[in-house]
Structure formats: structure tokens, C-alpha cells
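The first chain written gets the first letter, and so on, giving A, B, C, D and E; residue counts start at 1 in each chain.
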Amino acid sequence: MENAGQPVLKVRNLRTGFATPAGTVVAVDNVSFDLHRNDVLAIIGESGSGKTVTALSLIKLISTPPGRYLGGSIEVEGTDILQLDEAAMESVRGRQIGMIFQNPRASLDPSFTIEFQLIETLMHHDPSLTRAAALDVATRSLQEVGFPDTARVLASYPHQLSGGMCQRIGLAMVLACDPKLLIADEPTTALDVGVQAKILLLLKKRSRETGLPIIIITHDMGVVRAIATRVLVMYGGHVQEEGEVDDVLSSPRHPYTQALIRSIPDPDQAIEEISFIKGEPPNLLSPPKGCRFAPRCDRAVALCHATVPEWRGIGEGRMVRCHLAETGAAQ
Amino acid sequence: MNAQKNLIDVRGVSKTFTVKSGTFFRKAAASTKAVNNVSLTIRKGEILGCVGGSGSGKSTLGRMIMRLIEPDDGAILFDGTDLRTLSPEAMRQYRKRLQIVFQDPLQSLNPRRTVAENIARPLMNFGTSPAVANRRVDELLELVGLDPRQSYRYPHEYSGGQCQRIAIARALALEPEFLFLDEPVSALDVSIQAQILNLLSELQKKLDLTFLFVSHDLKIVKQFCDRTVVMYRGCMLETGTSEEVYRDPKHPFTRDFLGTVLHVRKDSRWEQAAERAEDLESATRQSEAGCIYAGTCADRFQRCREAAPALTEIEGARHVACHLYSQPKQ
Amino acid sequence: MSILSFAGTRLLYAIPVLLGVTVIVFMALQLVPGDIALTLLGRMATQEQLVALRQELGLDRSLVVQYLGWLASLLQGDIGHSISQQLPVTQILMPKIGNSLILMAGSLFFVLTFGFILSVLSAPRFRQLTDKLVVGLTLVLASLPVFWLGIVLLYFFGFKWKLFPISGMYNMVNPGGFGQLLHHMILPAIATASSSIAVVTRVTRSRMIDVLGQPYILAARARGLSRHKIVLRHAVRNTLPTFANIGGLQIGYLFGSVIFTEIIFNWPGVGLLLFDAILQRDVPVIQGCVLIVALVFVLGNLMSDVIVHALDPKQR
Amino acid sequence: MTAVSETIAPAKPMPQRRTNLYFVWCGVLGDPVARVAAAIIILLVLMAIFAPWIAPFPPNEANPALRLMPPGTEGHLLGLDNQGRDILSRIIHGSQLTLISGILPVILGAAISIPLGLIGAWYPRLGEVIMRVMDVLFAFPMALLAIMLAALMGPGLVNMMIALVITLVPYNTRVVYAAARQERELAYVEASRAMATPDLKILFVEMLPNVVAASIVYSCTIVGAVVITAAGLSFLGLGVQPPIAEWGIMTSEGRSFVFVAPHIAAIPGLAITLLVMAFNLLGDSLRDSLDPKTRLTLVKHRPGPGGG
Amino acid sequence: MEMRLLAYRMTSRKRAGFGTAAATALALVLGGVATAPAFAAENTIVFAVESDFSRLDPHASRTWNTFKVLRHIFESFVEEDLTKGPDVAPEIVPALAEKWDVSQDGKSYTFHLRKDVKFHDGTPWNAEAAKFNLDRMTKKDFEFHQKLSPGLMGWMWQDLDNYEVVDEYTFKINLKQPNSEFLRRLTSGGSGAPRMISPTAVKTFGNDAIEQHPVGTGPFKFAERVVGEKLVIARNDDYWDPARKPKVDQIVLRGIPEVATRELALVSGEVDVIGTPSPDSLEFLKAQGVEILSGKSPMFYLMWINMKDPHFKDVRVRKAMCMAINRDDMAKYQRKGLATPAYGVLNPEGPGYDPAYKDCEYDPEGAKKLLAEAGYPDGFETRMDWTFGAGADVNTKGDAEWLQRDFEKVGIKASIEMFDNNTFWDMMSNGMREGTGLTSASWGDSTFAWLDQVVPTTALPPNCCNSGYYDNAKLDQLLAEARGAASKEGMDAKLHEVRDVIAGDMAFTSYYTASSVYAVRPDVKGFVLSPRHWFDLTTISKQ
């Protein structure tokens, strides 16, 4: 896949923290990656790994306080949005970066009709738009996400629609503004498998047809495999591994990625053969000194416990944060 | 099939939930058939998987077996005794033999009781002395792989996976024969899921337990259970060994359901399934009389809309509720 | 359910509540130590009157029979006769309830206006200076005893600076005019409203903070909507039912406060009447006041319920 | 390697047992404002307990020659009242009844409400009946119901207390009822049933501690309001009777001299305000420290939005 | 205000459905607040007194404040001339009777009625009207008999034998025994008032509703009353005596019990005259430019003792109580000198008063000793029922607390319960409650009519006001003799006997006499105090 040209999104050393009574917790620590057109980047991680904070940081929706951007840069087509003020961000959000969320129904205002919310968004971003024109755009957008009967949907309130429908509407609302980049934060976690497939297919089609770069946050390897082109593995606030989906899934280089893939239930295996990661995810209030995964890692050596490995490239489009990645001990 | 070996025999149970409105002039505002005339058997020592989407009635079914929800009709035989006919006190005694593990481990533990108190509670309910109960708590914690010395802590000091271990320890305290596992791993991270499944599997063998394992994840059910029951909107559509159901789904619903499952291995079957996948929550039932899946089914024909198919036996232990199979095969 | 049918049903539900209210007010009479007939007629009653009343009330009969008789006359608009004034209680009460409602309307206006403004000012600035100031202000307002605040306001604004009249609801010599009424009303209305402003602000603010933490607000921000629109449109709209609800509840609390402000500002309303009735041990008047206030309270709550219902899109 | 053979210690060893008290402690200590509030209340309680030893004069000792003298009069820091009694001494002695009349009805009310709410939440039919009765009590504004009851029973401290308790019960019951209804839906209650725990044990052993927190929080936030209501009843002449020192009645008496000696009404009113403010502050802080939703922020990091 | 009147009228129909009324009231609240004033306001005096008024039916009314109003609406055969100031004993002058004859034996009074006098409703005043009124007050089987009247007005009619209409304008009253105070008592009021109400009005409205339509012959007519708020009387332009035609159009009377509110209302100009400012506020009021009027008054504070109470059965206890009161300090500090200590049952400005008399001396130690002798070395507990006060009372609660402290010093621990004035007198009629040892109220009068209500056995409960159950028939006799005494000296002597008997039993004790004090705004002219509980408002005006 060609990643020619400037990346749409360039994240460098992003650090986001939260102030708590017990001190600052760095939930996202030194995250860097690029996103090009046609890319679907999956950020995968367990709860507490920092993936959602990363997603919200990218659109600057971390509430400050208690949140704080501790450093790094987020360049959207060359502009570092971390330097933008709130007013400027308002034109970045929606118009440049679109985002859909985990809980689709709750992401729509229960007090307004779908029509109102769609048109409100459209007219906000393009004040020259007439109501009729906005309605027209809204209708087309709804049709694109698979609603044949748009009139009924437009007149509905969110509570009258199913979760899957709400997610499609959320998507329509975002896509109608024609963003340069879409972030989907666990868009299918709350949905049944059938609906999940439907949403993923919509995203995949859109990416294929228009080259819209997408970042999808998930904890499900199945989702990664289904639509992502690239994958970024997070653990304990650190990015642990990045690469093309096929590469990472077939030959993971980080022990965590390896263990993660192994622990996914495989219908072809007997239950006794399931391997699992022992121990528990780290507490970010007092993270391990060295590699975040070291306490649970089978192969950890003294160095792993002492210093945090660097984020470095290991070949074409592959990055990893492991002391052992090159020695091959990781395999 | 030897009837004597059936530990649990559910016969034609149904449950309708009615949402009532009004304070004084109560009227049914809406009613949902959560479970519709379901019969199944669980043999001793077996792990029965029950799989279905949200609203399929799988949890309600399990709770009815536990008599945490009273069925509207039908019978639930446990070791030959109809639990529904038991007096409250007799039922209380029976509770020793049936236990439950919940989806959300933290919520299922009393947050203001220590782990030891939580685990000891069922023992105390049956008159065990505190000293004996305490020793037993330690044993149980060891059994599920937790440090008994930490048992004075509160549940929220433990992670989700650990809480689920505690919940399992508590469920085992009364040495039950049967455990109803209500999506015991779906709230846990992938890396922990495997731990718990592994533990459960070990315990099952070691203690000769019988499980009813409810899940929405066909992959796990396939891997974990001996037999699988597929449910959809309160109806049982298909049963068979997990292997058979997974490899060769008979019911169109099972096929569609299986189709949308995402795999880690490269596999694009889901894309075709997704094109047709119904929005489960919104799909309207075509007619009261017909098959419950007729509205979405790709293979439907005239009869599907007219009569609901009965669960029919095909190929030995397999049962399917589908008109495709209700006639003698061509 | 349409608004009308909802209002209708709620009105139906209000009937048993109101019946319960009458039961309590009736039963409260049993709390009075001593002879009920004497209590109701006053100590100046003649023996014949006492006998007649005892017969009428059926004091020798069961409480249920007594209650039904009492209720029957109640339904005909007869709350009894004032002991001190020898007038039908309704006749004394009606003008007072009007006056109290005027004062309450003024207070409610302050409560709703300030409650709304303070909430909108503070909630979006959660834990910032403005928010802290508002929280501090509500804390002080909630902690001021109304009877004391009334005296303080009266002392400074009425006496020291002579900005407002200090007594009554209109000029005794030259009564009339809406402006005059307003002028008289401001101090007592503020005193009455103070703690309710605090309650409404606190509840509305925390609801709004809740709303602002909802996913749909995050989603709206992610779509690029301005803070302004989000707060004034989405947050306000979703806070409105809570606001209407807590606002409606204030009708009751205001009645509690009005008793004190009316006494301090000599506002001729139910509160002052009640105060006099308490000093006069005028039980029928006390009962009448409580009944009427409960009636107004129930109706006020009903109104706010209907508004809340109307504001809830799930009911459409 | 199997799970059975391996013993796992908790995620992170915690030094203390986290009882409610621990959270309360953390909440109060962690919040400087709450610390001040707690200090004020403790001070007032000490003042009430040791009143006879601290107060410069007996509460009813009068020096008629110095009637209405302002604060700063020699030997009388806060001045004298219309009877020539030392206001400071009366404030100190008055704290006793003011505190008692604010706190005792709340405690008694809670003692009635908690079982009522719990049982109501557990047995829906009975609960329906209980809550309908409460609805009826709700139809009376709080202060008004108390006034009516106190007025009909006759003035006096005990009658006022009874009136306040009756007034408080519906509010607290509704709080407990709502909390218990929510609690009932939690899996641990269902788990208790599955473990054959008898109903009453579930109610009063399992659920009670969880529900009581809601009641305590509510009670703390209401103490301030009850102090005001009780003082208000005394102000109306329905509560504490003269010459007993109590802040409400002191304010009431001072009202007649507000132009010649404003300090008589101002000082007890200020004292009430201060006390109520302290209770309100503490109540807010307690709410935060007992609310499972927010309590953890006081001692433990809460993951950022979304928890990712 | 229009809306108030409207609501008033609307509900005055008996048993009007209060639902409709509430709805209308609401509608009025929403729409009717802006209505224009209902009456002209030129030359109006707003007069604030210490409590709201009782019934406006003269034969059933009570309290001084009510009588202050009633005596301007209703008149009697004769009146006192109250325009000469507080230091002049008022003369008895003709009123509804132009002149009168007293028979030789002092038992028959023949009144020659004034002609061309009409009640405010146009009903003519004549002997039939007089008979109607006496029937109403005294004849139990009369259709319009006011049942409360005999209980309230025993002091007036206790000696009545019969009465007759001689001709249209001559009316004769026959007494059973001579009564030297008869005419003076005709001018009095407070506990009922022997004044003339329009027979037509009584017949029209009935005994129950008449008080809402009081119709008399006086210089003022009833205009409006809002209970608990105000009572308005307007000038009677057809008044028979041009010389006494009121100078103002109307007087708005308000009962403002709270003395501070009353004072502030005066200072802020909301009212023109107030009764009884606090002695503590006088300096302050003067500084605000307010004029203070004060003068002699027959009012003194008297304490009833419950003779049925086990503690007070013993005369030594009663005596001790008398000795416990520090009257001098009370007058000096509590009243700031606007009072003088009082002893015994005879009041200043009343017959038989002797300023030098003392029934006991302040002696707390002696009191303690007496108590110990009576068997209470450690004292005892009791209760005092008190009233917030009425006409010319101020801070009676403070007095109660003062006495409470004085009593406590000798060991009598008394709790206080306060009552509204009207309620208080209701209670007094029925006698002191069980458990109540002491009670007090202000009384005293220009006649000893009040002793006739307080002392004799005929006034024992349930008849007012021998509320302490002081049962001494000897006093009935003495009082009758005092009334029948031919000379002032004879009457005084008899009254001294009464006083001494009571002092011997210590059934009552008084503690101080207060001056009457009024505060008026500087633009109010012509307000004249009298040495009575009431005054004449026809001379008051505003500039």
C-alpha cells in the first residue's frame, strides 16, 4: 500500500496526563505515529492502556483540568493543533477531524431530533448553507450509511432508534462534514456482532472509496483484522508495537503483542491449550520503572525492569518498544 | 440419552416481562417474551453453552433455572425434582447445589464486605461456624489462585479478573453440583479472559461440576463448551455439540450469526454477512404466527411466515427449529 | 401520552394524595390536647354550641365517621369557623392566599432567574473561579436562616438606606399600582427566595455538570459545535427538566420561608395568618392554612410535572 | 502452569482497610474547606459540652442596668440583651439546644427511615403503600408540616422534636428507598439470593451498609436545614421556651430591639449561619467521600475519560 | 385594593365552594394586581396599634384596642369628654341622650333621647332602638340576644332590674340597687361595650354576620376590614354633633403586634401614629423627628394566682411571691422610668387609689423563709401563662422573663407559655389551666367595673375573669356596697376594704403601673391623650 505524500496526521511524542490527588498520572506517554490517506490505523489495547485518551487527545477533547497536555505535537496537514486555542479547535473538530464514539445512542442529544442535530452541525460548519440545502446534504448522508427511509429517521429522537442505527447516524453526521480524518473510538463495542459487522463494513467502504484515513480504537483483534491496514499496540500508556496489520498479526515482535494474540480464544484449540498472560495490567499511578510489560513478561531480563525501552524502527514500517526485539529473544 | 444422567431438565418454560405503566390503573404498556417455551437438558458433568445476541433470553433462562426469576409456566427438574414445586425452605436447601457467577465481578460482590466475608456468607447461611468458614475461605481462595492472607481486603482493591476469581470461590463455597456462568468473561480484558476460562475449565474437571455457560461469543462457546444451544429472541433455534454447531450450522440464523464473527485469521466472510446483517434491535417481527427469524432469513419461504417451526431432531443429538428441516429430508 | 392526557392522569393521581392530606390534617387534630369541640369553638363557646358541635362531629362515634363528616363539609368549602374571628375560615383565608401567591410568584421569579443564570454561569466553568464563587454564594444563601436574613435586609435596605418599604404589600394611605406592589415585594421576595435560589442552583448546576459530562456533549464538541451553542442549546435543553422539577418543588419550600418573611415584613398573607392563628391557638385556621398550602403545593408540583413531561422527548 | 497452582496477590498492596470511616477521613482531611467546617463543628460541640465552664456568666443571669449595651461593653464581649443578660454566655449555652434540635431529629428520622425504605424497596407492594403514604406527607412543605404539628401539639422542645422527626421521615425514606431500589438491582444482591441468604439478612446485613451511606450523606446535608427549621420554630414560639438560651429564640427576641440594639438579633443569627454553613460544607464533603462514584478520586487515581 | 374586596365579597357567601374561590384568587393574582386604588386617600391617618381587633359587635367584643375603634362607631346614652388631655379627669357629657334624670333613691335612670339621630344605615335612633339594644345585651330569650354579652358585660348590668320605653324618645332603666358608677360605666368598654347598634342591621345580617357590618351612630362609619391587616373607618358626614365631626376623611387602623415593626413603620412614614413604642426606642424615635406623647393611664399590671394550684393554696407561698418581685428595678430598667411600682388591687386614675399603699415589701430573703415555712425550702416548679399583650402593652414577654428570674431567686421555677391576647382572654374566662400557677395581664380602669369582673364569685370560671378561682363571697358584698355608696368617700372606704381583704388573702398582686405612650409623626396634629385606655379620634388631623 502506498503511503506516498505528506501524512494527514503526524503525532510526535504526545504525552497526556491527569492530575489526581496522588500526583500526575501520565496516561499517554510518548506516543508517535503517522497517518496517511487510505490508511486505517487500529489502536489496540486493554482497558487502561491509554488508547481512548490518545483518541481524545488527537481532537483535543481531554478536559483540562484535570487533564493536561504534557508535550509533543499533533500535526494535522502540517498544523500543530496542540498550539491552537479553543476557538480555532472548533473549526478543526468536525470539519477536519471527525469522531464517533463507543456508546452510540448516548452520543446523540436525547432532546433533539436527528434532523435538528444533523442540520445544526452542517449549518454550524457552513453558515452560508440554507436549511433546505442542509437538509438535502443530511438526507444524502443518511442514505450513504444505509437508511432507505430517511424521513422517518430524521423525525426521530435517539431513544426511538436502536444502537446500531444511532451509530450509523453518528457516522452520517460526521461524514456529512467531509472530514480529512476520522477517529472511531470503539465504535462497535456496545453492539451485537451483526451490527458490528455492518458498521465496520461502512467504515471500510468509505475508506476504500474516498481514501479517508481512519483511526479505530479497539480492544478486539477481530476488528483489527477486519478493517485495519496498520495497527498500533498500546500497553500501560506506551505504544509497544506498530506495523502493517498482516506483519504484526502474523509475526508480532513485542512479547505483549505475542501473548495477546495467543490469548485470543481460538475455536480450533482445546480449552487446555489456551495460553494466557499471567498477572494484572499496571497501575499507572505507580507504573513499573522499566518496560511497562516487564512484570508480566515471561522473557523479561534485568534491563527490562530497569529502563524503558526505546521506540524504534525495526524494518519497513515496523516500530517496537522492546529491549529484546532485535536479539530475537522475543520470538 | 440416559434420562438418569440428566442433572437439569428444563421443560417448556416461558417468561414474559411486562412493563407496566401507571400507579393506580396498572396496564401492560409493553410485553416481551424473554423466553418462549424452551426445553433443554444438561447432563451431569457437561458444559452446556448457550449463545445468542442481546435480548435473546439466554440470561433469563439461566436465572429461571436458578429460580432467581419465576417462570410463567413450564417445569425445571433438578436431579429429578421440580424446583418450582419446592417450598421456600426446601428451595433454600437446594441452593447449595446450584450456584451462579455473574458477568460483572465487582458488582456481584458486596462492596462493603471484605473478600473473606463475601465468600463466607453462603457458608454462614447454612450454619457453618465462623472458624470453620474462615478455614474454608482460605481453601477456596487457594483453589482459585488467590492469596488467602489478603482476604481481609475489600473487593474494589482487586482487579476485575481477581474479583471474578473471588466470585467463583464464593460460588464454590457450598460445593454445588451446578454452576450457571452468566457471561463470566465478557467484562474482562482479553488477557484476563483466558485466565478465567482456564481456571473454570480446571475446576470443572477437578470438582466434577456441571456448567451452563451463557455467552454472546460463539468462539468462546465453541472452545469451552461440550454442547451449544443457540437462542434468538427467547426461542431455542438450534442445539448440538459445539463442534457440530460451529462447523456446520443448520439454522439460517446460526449461519448468519456465525458469519458475522470476526476472526484474527484473515477471513472476509464477515463482509458478505454484514451486507445482510439485520439491526437486531430494530428488526420488526414479520408476523406473530411465523418463524421468529422469518423477517431476516435469506432462506425463508411461504411456510416460515405462517407457522413457527418446532425444535426437531435431526442427525442424532442435533435439534433445529427450522422449516427447512422439519420435513423428512429429500 | 399527550400533555393533556398526562395532565389528566396526574390530576387523578393527585386526588388520593389530597385525600391523604385531608386525613393527616384531620388526624393532626387528635394531637391537640384536650376537648376537640372546645378547641374548635374556642373557650368562649356556650354549652349549647359545644353540644351541637359534638353532635355534628359525632365525637362519640368512630374516627372514620368523624372524618367522613369533616370531609363532607370540607368538600362543600367549609373548613370550619375561626375561633378568634368567628368567621368562616375560607373567608379569612382566600384573600391571604392571594397575597401569599403574589409574594411567592415574586420569589419564584427570583429563584428561577437567579437559579438559571448562576447555573449557566458556573456549570461550564466547573471548578474554576466563577464556579467556586457561585458555589460559595449558594452555600451562604443556603445557610442563612430566612428569619434572620429578613431582619438584616429590613434593617439595611428598609431602615438604614430607606430604599424599600418595610411593611405590608401596599401603601395603606394610597394603595394600588403594580409598581407599588413590586416595590413592597422586592425585599420579602428576596428573603423568601434566598435558600431556594441556593437549592435550585445547586441541583441545576450539578445536573448541568452531569449533562456536560454526557457522551453527546463530547460528541457535539467533537463535531466542532461552539461551546456557546453547546451550553446554551444542548446543555440547557437537557438540564431543563431537572430545572423545572426542582423549580416546582420550591413552591413548597417557599411556603415554608414565606411564613417567616411575612411575619417580618408584615405581609398580609397565609404565613402571617398562620402565625397569628398559632398564637391564637386557632386550630381551624391552622388547619385551613395547611390544607390550602398543601393544595397549592400539590397543584404546583403537578404543574411542574406536566412541564417536565412536556420537556421530555421520550414522551412524544 | 496453571492458575490453581499459582497464588496471586492483590494488584497493589494497600496499607489500610478502607472502611467508610477511612473515606470520610480522607475526604475531610483532603479538603481544606471541610477541615475548617469540621473544626467549627467540633469547636461548637465542645462549647456546648463545656458551656457551664466556659461561659463567663450563667445564661439567665441578668444585669438590668446594662440592658441593651452593645458588644465591647466591659466584661461583656458580645454585649447584653434586652434583659441585661450576657450574649456571649447565652450563645455558648444556646449551642447546646441548637445542636441538639438540629441533630437529634435527623438521627431519629434516619432510624425510622432506614428500615422503612429498605423494607419498602424489597417488598414492592408494601413499598408502594409506604411510598404513597410518604407522597402524602410530601404534599406538605417541610417547614409547614412541622409548624402545624408543633402548633397543634403545643409549644415545647419535645413536641418540636417530634414534629421535626415526622417531617424528616418522608425525605429520608425516599432517599433510602431510592438507594435501596438501585442497590437491589446490583448483582451482589442477586448473588445473595442465589446463596440462599434469607431476605431479612440480605436487607439488614448485606444491603444496609451500602444504603446507610446514602442516608448518612443525606442526613448530613439536611442537618443545616433542620437547624434552621428548629430555630425557626423557636422563633415562632413553637419550640424552645424562654428563658432557655437557644439561638432561634434569641434572634426572635432581638427582633424587637433591632433598631436600638441590632446586635441582639445579629449575633445569634450569625451563629446559626455559621453552624449551618459548617454542616452544609461538611455534608458536601461527606457526600463526595461516601459516594462510590466519587469517593475513589479522593484516594486513588481515576483513569481518564473513557478508561482507555 | 380591589381584588381583595372582590375576593372578600365572593367568599362571604357562606360555604362558597372554595375551589372556585381559589381559582378566582389565582386569576386575580395573575391578572388583577394592577387595579387602581379603591378609595380616595386624601387626609387619611394610618394608626398602628398593638394587636389586631376582636369582633366589631360591641356587645361581643373585647380588648381595649377594639374598643378604641368601636367607641367611634357606636355610642352610648352618655359619653366622656376626652378632648381635654391626659391630666384632666373627663366629664360625663350627653350623647344619644340629650339629658337624663336620676331618681331620688338612685335606682332609676330616665334618658331623654336625642332626636334626629340616625344610624349609619338610616335607621332612626329612638327608645325602641334602645330597648332592642338592651334586649340584645340582657334578655336571654330575645331573638337577637347576643349570647356572649352577659358573660362579658356583667360589670355593666349586674344591678339591672328592668327597663322600659316611656315614649318614642324617653327610655327608663331601673336598677336593683343604687350604682354611683352607672353613668361612668355606660361610657366604658373593652369587655363588651353598652353601646347602641342599628336594630335593622342586626335583623338584616343576624348575630353571626353583624360584626362584618357594624352599624352605629358614631362620628365614624365602618368602611372596610381585612382581618389581620387593617380596619378602616371613615368620617360620618351626617353626624349629629357638628362640633365633633372628624377632621380626617378616614382612619386606617392596623394591628402590628411586633413593636419594632410598628416603630419602623412609623419612622418610614407608612403609618402616622403608633401606640406604645418600646421605652428603649424613645430616644431613637425622637432622633428620627417623631413626637412622643405620654400621659397618665389607669393601666397597671396585675397577677392572678391559681388558688386551686397545690403550691399556691398556702397563703405564705402567695405572700412570698409578692415579696419576690423587685418592682423598683423593674420600673426603672425594664420600663426606663415610664412606669411606677404598683401594689394592691387599686389602680391609679381609678377610685380609691392610694399611692402610698403597699401590700408587701421587696424581700427575697423573707420570701425564701416564708416558702420554707410553707414546706418548700427548695422551692418548686410551676408555669406562668402569659399574653403577648394588647393595648398599651409592650414587651410583656420581657416582663415575664423578669418575673421568672425574680421568682427563681427565691426558688420558684416557673416556665412561661405565651398566648395571643384574644386567646389569652378566652382561656382566662375558663379559669387558669391545671399546672399553671400564675398569670398576668394589664388591667385597671377609671371605674372599678374591672374589679367587678375579676374579684366576685359571680366571675368565677367559666365567667370572666376571676380566673384564679378566688372564692370569697364577702367581696361580692363589699363590691356591691361600694357601687351603692352614696359618696365618693364612702366608695373609697369600701374599696379600701376590698383591697385589704384581697391583700390579706394575697389572691392578686400588682407590680407596676405604666404610662400610656404614643408616637406620632410631626405632621399629625390634634391627637389628644386621655387618662383612659381609649381616646377621641375626632380631633386628629394631618397637615
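Everything below uses one rule, namely that a contact is a pair of C-beta atoms (placed from the backbone, for glycine too) under 8 Å apart; a residue touches a chain by one contact, two chains touch by 3 or more.
Just so it is clear, the model here is predicted, and its values are computed rather than measured.
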| item | value |
| --- | --- |
| Required steps from chain A to chain C (each step between touching chains, minimum) | 1 |
| Chains in simultaneous contact with chain C and chain E | D |
| Centre-to-centre distance between chain E and chain D (centres being mean Cα positions), rounded to whole Å | 48 |
| Distance from the mean Cα position of chain E to that of chain A, given in whole angstrom | 89 |
| Residue list for chain C, restricted to those that touch at least two other chains | 16, 154, 159, 218, 263-264, 279, 281 |
| Chain D: positions in contact with at least two other chains | 6, 8, 11-12, 237, 255, 258-259, 305 |
| Residue list for chain A, restricted to those that touch at least two other chains | 47, 61, 102, 278, 280 |
| Chain A residues touching chain C - in the complex, by the definition given at the top | 59, 61, 65, 86-87, 90-95, 97-103, 106-113, 120-121, 124-125, 157, 159, 170, 173-174, 177 |
| Interfacial residue positions of chain E with respect to chain C in the complex | 1-4, 7-8, 10-12, 14-19, 21-22, 25-26, 28-29, 33-38, 41, 44, 46, 52, 54-55, 147-148, 151, 208, 211-212, 226-230, 252, 254, 256, 258, 261, 264-265, 267-268, 270-271, 388, 418-420, 422-423, 426-427, 429-430 |
| Residues of chain E touching chain D in the complex | 258-260, 263-264, 267, 278, 280-281, 283-284, 329, 332-334, 395, 397-398, 400-402, 404-405, 408, 415-418 |
| Complex contact set, residues of chain D against chain C | 132-133, 135-137, 139-145, 147-149, 151-154, 224-225, 228-229, 231-232, 235-238, 248, 251-252, 255, 258-259, 262, 265-266, 269-270, 272-274, 276-277, 280-281, 305 |
| Chain A to chain B touching residues, read off their complex | 46-47, 161-165, 192-198, 200-201, 204, 219-223, 225-226, 246, 249, 259-261, 263-267, 269-272, 274-278, 280-281 |
